[in-house]
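Heads up, the thing below is written out as structure tokens.
Think of it as A, B, C and D in the order they're written, each chain with its own count starting at 1.
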């Protein structure tokens, strides 16, 4: 931690600051500049609240010089984390695709879409059984019945299942049917939930909150890593900005930044980022070109009658065309899309 | 709902759009403009996804003309909601103050602060027993032991207790000790939690999420109202913007807007909005001048040794001075601070 | 324009609203809904301030149903605008690359970089002679001397020149040396300047402001189109959001949206969007995959000694590698990079 | 400047970093921490681009420890700047009110409103002659004719005049008629314009850009101070955020922050911040309670027929009521509203 003093800090103020730092357990290095005196405070704990120093008289500013996350950082683990689920790998050179409907709606629907997914060469099937809806009047998902159906469809076509968990009480239930937990954007800082998921056996995909900074996103991953679950992947799905012509701003700039700061894989979700079918394909292509380790894409064979998010679902033939384009882009940047 | 057609929409496209609207159960009014044709679609359900129409060929744009919330709206209930807890009223002409420490830390601490609160004339005591912390390495609260202490201190000094609930499993426990549930900013859209709180007997104070729009905030209140809990109050605590010299941007403009759209009381929390002691007083004064129905303020008699958020806590004497200023401002705008 | 009435609007209020609308010159269509009455007001002028109706008693909300821009809209001109400068085309199927240093610094520097640009097959040379710097203490550009040098270098290597104009008094001077005017992000709503550029003979590239909405960006383009300059292209260069780990958030989602709303070409500038060399290549690739009509990229042979923005400049060999990758991505989505 | 090294930085990398720092003219202090090595680099110039160090191998992060502005800072000048224009003082203990129409429209209009202003005890008359409008189709102001009228009206009622300057060519003209230059939000970083205003004789009120950070705002003030104009005041008028129910988010939290960082007075403009008449009064009161040194408020005797921004103008009687409330709030916080 670096403490910068006011130009006109008095000796008494400086002694008080140094006293506090020592009480908090820091060792001290003082540098006298032309305009500013700087105190390097060595030995900061990851949860130290720098405001405790900032409010002292004579302090101009305080900077942390270590990230507040540790296990999630690239300096803790230099090599990319690769998560293995059955024969599927997420992270590393491969590009992992996940596709399926927003909500599981019926046996017929999920089987039809699982077939589309499998035939395209995609190995991970998505589908929601518990739905976080901003309106209390909207369809809230099929619950356990939906979980049974997606498991059955995935087994029929040799796929891996990812589905959303919304509360602690659902963890054990979902673990019976799914292969990957998905944490939704609105739960990125539901610390009770993510702490429990850190004790779970399955991998977790953590979506970035609409106003989650990259640092907070990595801190939430850290919560799970600290509890022992090493199989955490991140998912960018758009952030909230001032722009009104788009639903969210898909923050693709986050992808190279996360890759630099962390060893965890980053998936991109162009369906939720854009919210409209005709913007999904360009943003999916852009995400791969930007270096995403995978994509999550919503598809539906009859989107007009979908019970949720139909307008953002690709039709099966649109998905197939997109997968072809993504394969070429992956090659252009030296990655494999099997 | 209003559907605006493209200038060059064909007859076939228009017939297709009208057909869809009728299938969705709308009645139709068509208006031919100079440049644009507009279709008024009457009978929209609160959860209708307007994107279902927006993606049809020939559609230029779609506007909802009814708010997606109903029970929370001023048009549903014209008079201000006044929430009564024992002899305390929140909403209406009175200004309701809530004060206390960030976290309950010990019997001595909470009794000392409860005394400060009571002597200042403030009637509601705050204090956290379960703490949502962005770092897994930070103090996570005293749990039930803390709840027992705050109840005891409140009873000693005749105060009402508000404390945060973080997960469904805590609801019954907290209800044994507290008078008002607080939902934190990061849980504003934890729909599982707020749905359960809608069935609870105690009033709820719902903090606005860091990137929560006013509409989403009211939708989350609607979740609780729809489940039967009519005693919901809102709490503005700062939103996330591009500015880096402040921790959050305290959105006081939201106060008159919420008062126009909704009958629910709005509390303001300058402590979390600013995060630094010396900014709390000016922002507390500004919130009252802007029309807030109450304030939540963190205080501590020994902030340097507080286990959480010490740097934003007012000292007892600072709080007393502030209450005096607030009383004058309340008078200036015709409100009472008892 | 659509005027939605309050549920409980009185007859008197409605008559007053209708009277106002008629005075403003609108024709009126009234639709009675179950909950809401809607008035369609036909004949809105592009600059009508809808707040004039919104503040009347009995009005719930007002929506414009025509965009405030006209000449810039896709409905005014269906086919893509293609701007021709000598043998270079911007817009349409080709991908237009622009490259060069942030600032023109010396004859040797600009000639060296013009050669790199030309050899890579890129046809447009960028370089600033007048520099908008956020600090008054920074290098402010070489002025006319710089313009002479970039013209000479461009002529030597058969390139087209783009350079920034900061004030009205520079327009005629720059027109003597350059082929395209660039308007910087901070001047997107410098209406005095863009109005004058609308009367100029050269094409203009209009950068999006850091907080410019897509609508405002198109309105600023409209200013120039309305004055007679039809050769306007847009340039996305990152917007300002809450995220602190990136300099700006590169809003690639804006590209398909602008292409839907407008016929004007959209260039993307990954150098300014990211501000750091190692993020330029992934974002350049992503922009092409998202459908950008061109890219503007900063390069420097000796970035450590560059007088401005060295840290975001690609080295010549990095630029050459990138161009190769972009060619493959362009092919993957059916576009040509000559 | 503080340079934080990577945990695993090699000796060679460190030598390279130190070499660069020395070449840039810094003196070096090295501190070895448990996890991190920190290099204090003393002697940074105000315009040094820290990215030049950030991109070197082995560097984890770089922090400036001095603000990039100097003359505008509180550490350069400890006492509040008080700007004197005739018998009016802006800054210090007094609260300075400015009121008048958005645009000067006619002799009758400006005289009528100047009278309202003078009778309320307000001493500064506002009114625009050159209008920055987002649409090219909107009223663009009366020009010099308007300047003559506002001067005449101000002289009649003993008032001081503030009016907006949009381009360099208007500076001398406006100086003939006005007492204070106003720079609009969209020109906050029009560096050509503000550099020229730094050489002008009249005081300048600099509005904060919609996405201007407090630091950038102070840097733009620094531009003028560096040119010799010491009479600069700032004006907060709302920033752009994700919220859609308000036009802008009025950032009152900026007021105490600016007062801490700088000696310059801060005015608040609730009319532009909110854009709607019924929100102006609560936000005006809140701004005074938050510590603003003055307010700028738009008024109109016939807002329905105003040529610009009528919906946000207070009626004369509303303004008078507001001034009474502001007087009480000013007293409550120990300030004078004459």
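We take it that a residue touches a chain if its C-beta (ideal position, glycine included) is under 8 Å from a C-beta of that chain, and two chains touch if they have at least 3 such contacts.
No experiment lies behind these values; they were computed from the predicted model shown.
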| item | value |
| --- | --- |
| Chain labels contacting chain B and also chain C | A, D |
| Chain whose average C-alpha position is farthest from chain C's own | B |
| Inter-copy rotation, chain C to chain D, in degrees (Cα atoms; steps of 5) | 180 |
| Whole-Å separation of chain centres (CA-atom averages), chain A against chain B | 26 |
| Centre-to-centre distance between chain D and chain A (centres being mean Cα positions), rounded to whole Å | 38 |
| Cα-centroid distance, chain A relative to chain C, in whole angstrom | 31 |
| Multi-chain contact sites of chain B, meaning residues that touch two or more partners | 211, 240-242, 244, 278 |
| Touching residues (chain side chain A, partner chain B) in the complex | 20, 45-47, 49, 51-52, 54-55, 68, 132-139, 166-169, 186-187, 189-193, 195, 209-211, 216, 219-220, 222-223, 226-227, 240, 275-278, 304, 308-312 |
| Complex contacts: residues of chain C adjacent to chain A | 211, 213-215, 238-239, 241-246, 248-257, 260-261, 273-274, 278-279, 282-283, 285-291, 325, 328-329, 331-333 |
| Sites on chain B touched by chain C in the complex | 2, 4, 6-8, 29, 31, 33-36, 38, 40, 42-43, 60-61, 63, 65-66, 75, 211, 240-242, 244 |
